[in-house]
Amino acid sequence: MSHNTFGHLFRVTTWGESHGPALGCVVDGCPPGIRFTLADIQSELDKRRPGQSRFVTQRREPDEVKILSGVIEDGGGLVTTGTPISMLIENVDQRSKDYGEIARQYRPGHADYAYEMKYGIRDHRGGGRSSARETAARVAAGAIARRIVPGMVVRGALVSMGDKAIDRANWNWNFVADPENPFFTPDPASVPVFADYLDGIRKAGSSVGAVIEIVAEGVPAGLGAPIYAKVDQDIAACLMSINAVKGVEIGNGFEAAKITGEKNADEMRMGNDGKPVFLSNNAGGILGGISTGQDIVARFAVKPTSSILTPRRSIDMDGNDVDVMTKGRHDPCVGIRAVPIGEAMVACAIADHYLRHRGQVGR
Amino acid sequence: MSHNTFGHLFRVTTWGESHGPALGCVVDGCPPGIRFTLADIQSELDKRRPGQSRFVTQRREPDEVKILSGVIEDGGGLVTTGTPISMLIENVDQRSKDYGEIARQYRPGHADYAYEMKYGIRDHRGGGRSSARETAARVAAGAIARRIVPGMVVRGALVSMGDKAIDRANWNWNFVADPENPFFTPDPASVPVFADYLDGIRKAGSSVGAVIEIVAEGVPAGLGAPIYAKVDQDIAACLMSINAVKGVEIGNGFEAAKITGEKNADEMRMGNDGKPVFLSNNAGGILGGISTGQDIVARFAVKPTSSILTPRRSIDMDGNDVDVMTKGRHDPCVGIRAVPIGEAMVACAIADHYLRHRGQVGR
Amino acid sequence: MSHNTFGHLFRVTTWGESHGPALGCVVDGCPPGIRFTLADIQSELDKRRPGQSRFVTQRREPDEVKILSGVIEDGGGLVTTGTPISMLIENVDQRSKDYGEIARQYRPGHADYAYEMKYGIRDHRGGGRSSARETAARVAAGAIARRIVPGMVVRGALVSMGDKAIDRANWNWNFVADPENPFFTPDPASVPVFADYLDGIRKAGSSVGAVIEIVAEGVPAGLGAPIYAKVDQDIAACLMSINAVKGVEIGNGFEAAKITGEKNADEMRMGNDGKPVFLSNNAGGILGGISTGQDIVARFAVKPTSSILTPRRSIDMDGNDVDVMTKGRHDPCVGIRAVPIGEAMVACAIADHYLRHRGQVGR
Amino acid sequence: MSHNTFGHLFRVTTWGESHGPALGCVVDGCPPGIRFTLADIQSELDKRRPGQSRFVTQRREPDEVKILSGVIEDGGGLVTTGTPISMLIENVDQRSKDYGEIARQYRPGHADYAYEMKYGIRDHRGGGRSSARETAARVAAGAIARRIVPGMVVRGALVSMGDKAIDRANWNWNFVADPENPFFTPDPASVPVFADYLDGIRKAGSSVGAVIEIVAEGVPAGLGAPIYAKVDQDIAACLMSINAVKGVEIGNGFEAAKITGEKNADEMRMGNDGKPVFLSNNAGGILGGISTGQDIVARFAVKPTSSILTPRRSIDMDGNDVDVMTKGRHDPCVGIRAVPIGEAMVACAIADHYLRHRGQVGR
């Protein structure tokens, strides 16, 4: 991985700041002959787009993607040519004045101070390169990645918000995609609970974290490698690279540390169709870094956004103690919009491993 | 990252199987002029070495490291020359017969099945390349990495085992290193608790997981990058690449998802010495992917070893249902020996970022 | 190197086809605080721009660069922030109809057949991704690379065209940059010779090759590494990646193979200023892959463009024998415009090594 | 490429100094199921081995390779498992005293001065890491690479030595491999010419350069990519990374710069078997960076070794002017032993592209 690139054979390079003219990505290594439409990408971007409910930032960005290279038109859609796919999204609704008074302050919980220590120069507007607007480029890349592994479906859901959690017994993937569901929760019963809770948070000028679960179905067994190219390692890196993520787990994750080997082992039997069947999936579809053919399951923890209306103690660039309050327009729970981002990153990680496996092993 | 290499400027490539003649690593990109002794490396290896108490595998391996290149002798010690450092550890106590009857069976929870699906060929003895013996090479590399960032100290401790956890009020780093402490726990009061618990597990032919915490002190602010070269992302990848790890978190990790922005933000004030002071460290020393100068704190969850005496249902290579029991010699809690491995991986990840930062930014 | 990326710490990713809407690049890893103006980049692009004399293609492209990220305005110019620099150049004068009749033919000497064998799908217009228009992106990246190594100056010159060569006794760098000099030749006396020769070639519907020499002054000693990160190796790769290049040499190059060790060795003496002085530069400024502080000298051979009006025998996609004649607008000697491209690639290669050296060695 | 690693999916990392205990390599990414014998590797190493005639260095090294990982025994031979292959060659005949008096002098034409400028520390014995002994590891890796592309045969020959060249009309591949042929020349008539010439050079305490040609047959069309993953670019980088190489060319190389487009274009016709036939091979089997299915042809220029008995002017580490004469044991023409090394590097470069192509395109 370079500073702004991830992947090996399926490689994504992103660029752009929150308040510059545009942001985008270059997807390199996409096989030729992959078919999709601009609408396929746009619909993924729309899931991540701001301003769609009172629970997310009110910044209004159409997030309209343009494809500048790497495809040709064919039969009403697009087909990849094997050359790099450049995608561009213009920034429309930058309000730099929102940031005027915090240009020289380090917002607690933000990257401001660390960023200044690194580069000695900083585009403070909207967090510059640290802004979550960069994730639009990931989602666009992920929309292509989803088409690379035949039969693979990657979906995500919000499973907890602050101290409220879903009831897994109610899990319904169709409900996650329901336009009336503002939270990507799979549990219809959780909607009023989350709504009340988040309204309170929002009105208090506060924010709250969330946990997201990503499930990739249809991943063939054999992707990954036993040591430093583990599928779970690359999924962990991809998810941890999303803004505000503080933890990642695979399968039963931290729960595995609490139980015995008998309980944790996923037993196997031959199925009636002559194919192996796993009797459980504590491993989250990955053993020894290699996919088993079961669903790949990953979860990640998103911290509460640090942009809050409640003043916090901090310092400024001149070394003065200050109290910082971030007005602007912000998500009371950035974890909501992290769902399509997490899906995109998992799709990219697996697509890369699919191509690498095909290269090394030839199957 | 390649299949068996990690890092960018400080790069580690490992090789070797559990039951081959030897294992080792090549450390590339180590700056010239770094001084250490063979004993410095050996003492790290000894912490990871099997057979040192009844709580770990009884395989007897001296794990004696030989350095074949990249250093010259100088003043009683060694000094790096800037060329690749090749290190080799011979395997001594391989008992391949232990594995005779499971050569064609897929042990539940092990990589056997996934490995076969990937490569179609498998050195089943001791797990082959999937064996935790590979981690000796990481520890050797980590011993060099520790010397690269001036003033950095990386330490680790076991903070829970199964459903038993330490009392953080008793945290004592000196006790972790005490030779009478078989668990790398920082809490002296936890020793009898863990000992009783693990004796029970061991006698029952069972196994149990653990959580390890790694703390890196003395890391300068400014390492990392905001997008795909986040320090936390590379630490997560490095820890997730360790055998049996199922989860990683930074700072307060999954806890951050449960709390509000006010509580989570690490406030700042100017210290009496004119330097910024953080009033808490929920971030674990990393904000926006960049180190803040605070202690870097990471935790990882190790699952219970899948090699247990209790029979589990599985299948064999011919598609027969079988019951598998793994005799051999195994760790009832592989999490114990994961402590020095985690330290090594965090040291390598930070050393790499230190060199990359120096390269890009020049400070 | 990825398929469309080169460099390690200073990394350039390019994208775009000859007849798509635009082309561009992302420059990643550029240190923060580098100052330049848009005009600095544009003036490099103008050197490579088509349509400036009768000796180059008549395609009219303004090649106007837009910078979309990675810089902020400061004091009338731009300053890098350390984040990826995205640059975009729109294609204006695509005449796709020129290519109508060769859409299904493989032009001899072109990549058409090989390209089809690789991807099975091909944007034939203007060569698609194989077009030399891609090199505009390299020149833009090179304009930034030139500013990274303090004091470095990279210049190039055409030293032979077909069977005509310059007289090195007349070498004049100032003349190379003279706007009246259509060939980037350093020898004023060569202009009428090259002009007559190339007029004949052009009127005959033919084309001819050239040799370009690049000289980098002010490169500090110590860049590179003895094995697989040799400066000359990376320069060779960078130059060989330019369209139509068939050979690369460093210093006295192939001549070195003909002479004895006594003649080839560059002797040294201490200078009056107490600094080492080399008495010759057969090595081209690089010994054992590491820069010596002398001028770095590289040459590359550009083949004659394969787009000629003279019919050549070939086949088409249906397996028919055909005669191919490429009308369109083409350079009778692509070597001319290769001069600024070669400069850019050498500048990028050295900038990358400068950052890598700083990272690994810290000096 | 890292400092000591090359390749992407087929990756080779080498380590070791001339006068250390051993040298070796780790071959990562080799597909599982590749069969070979230890003798296959040893026979390649024997071609490069010193001390086999009066025309090469008299250092006596058995160059016996040990394989420490990545293979299992099967049917009298070895088969790869897909895990990293570690190979080790012990140094036997180091005579460090030969170098006593030049420990503090910079030998003209050698990397001594540049090396010191880079690292500030130097293992002067035998050139340390800059020694051509490192190339034994490349040859071992190449012996495996040769088996990866089905049907590929890579052969090399010395085509000129100093100002003496072979007669291409006499080209005989079988003669190259003749044990009575001390020069890897394909022209039997050249042997007495080269022998007389080199005896004169050797007795005069001098040295001379050479040009080597490598031909890879059986390479499928479609390997490579149009921009920064050109097959010729990677071959150029691989050959330029060999010690003492100063120039590389593909196909007709620098000759292409002298001729017209009509002469240079390789025309095509459909063959009687319904397959495309090229009527010439000026391109050396590569167009637009992608293999065409023709023989891949590359040449490289090796400079005369700088270790000569004739004194040359230089300086020492203390800044004194000195005269340097290198006694030791050296090759009067290092180009001879460069033949198997060049073969190995071309085999590695193509093997890597074969796997990458399979990964990206899936054919």
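For clarity, chains are labelled A, B, C and D in written order, and residue numbers in each chain start from 1.
The rule is short, and it goes like this: contacts are C-beta pairs under 8 Å (C-beta built on N, C-alpha and C of every residue); 3 or more make two chains touch, one makes a residue touch a chain.
Computed from a predicted model, the values in this text were never measured in an experiment.
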Mutual neighbours - chains that touch chain A and chain C alike: B, D
Farthest chain (mean CA position) relative to chain A: D
Chain A-chain B separation of Cα centroids, rounded to whole Å: 27
Cα centroid separation between chain A and chain D, in whole Å? 46
I need the residues of chain D touching at least two other chains; which ones are they? 2-5, 8, 14, 29, 32, 82-83, 118-120, 129, 226, 357, 360-361
Chain D contact footprint on chain C (complex, rising order): 1-6, 8, 14, 106, 108-111, 113-115, 117-120, 127, 129-130, 134, 160, 162-163, 201, 206-211, 221-230, 232-234, 236-237, 240-241, 243, 246-254, 256-262, 264-270, 274, 276, 279, 283-284, 286-293, 301-308, 310, 312-315, 319-321, 335, 357, 360-361, 363
Over in the complex, which chain C residues touch chain B? Could you list them? 8-9, 29, 31-32, 82-83, 226, 355-362
Chain C to chain A touching residues, read off their complex: 2-5, 11, 13-17, 20-24, 26, 28-29, 32-33, 68-70, 72, 79, 81-86, 88, 118-123, 128-129
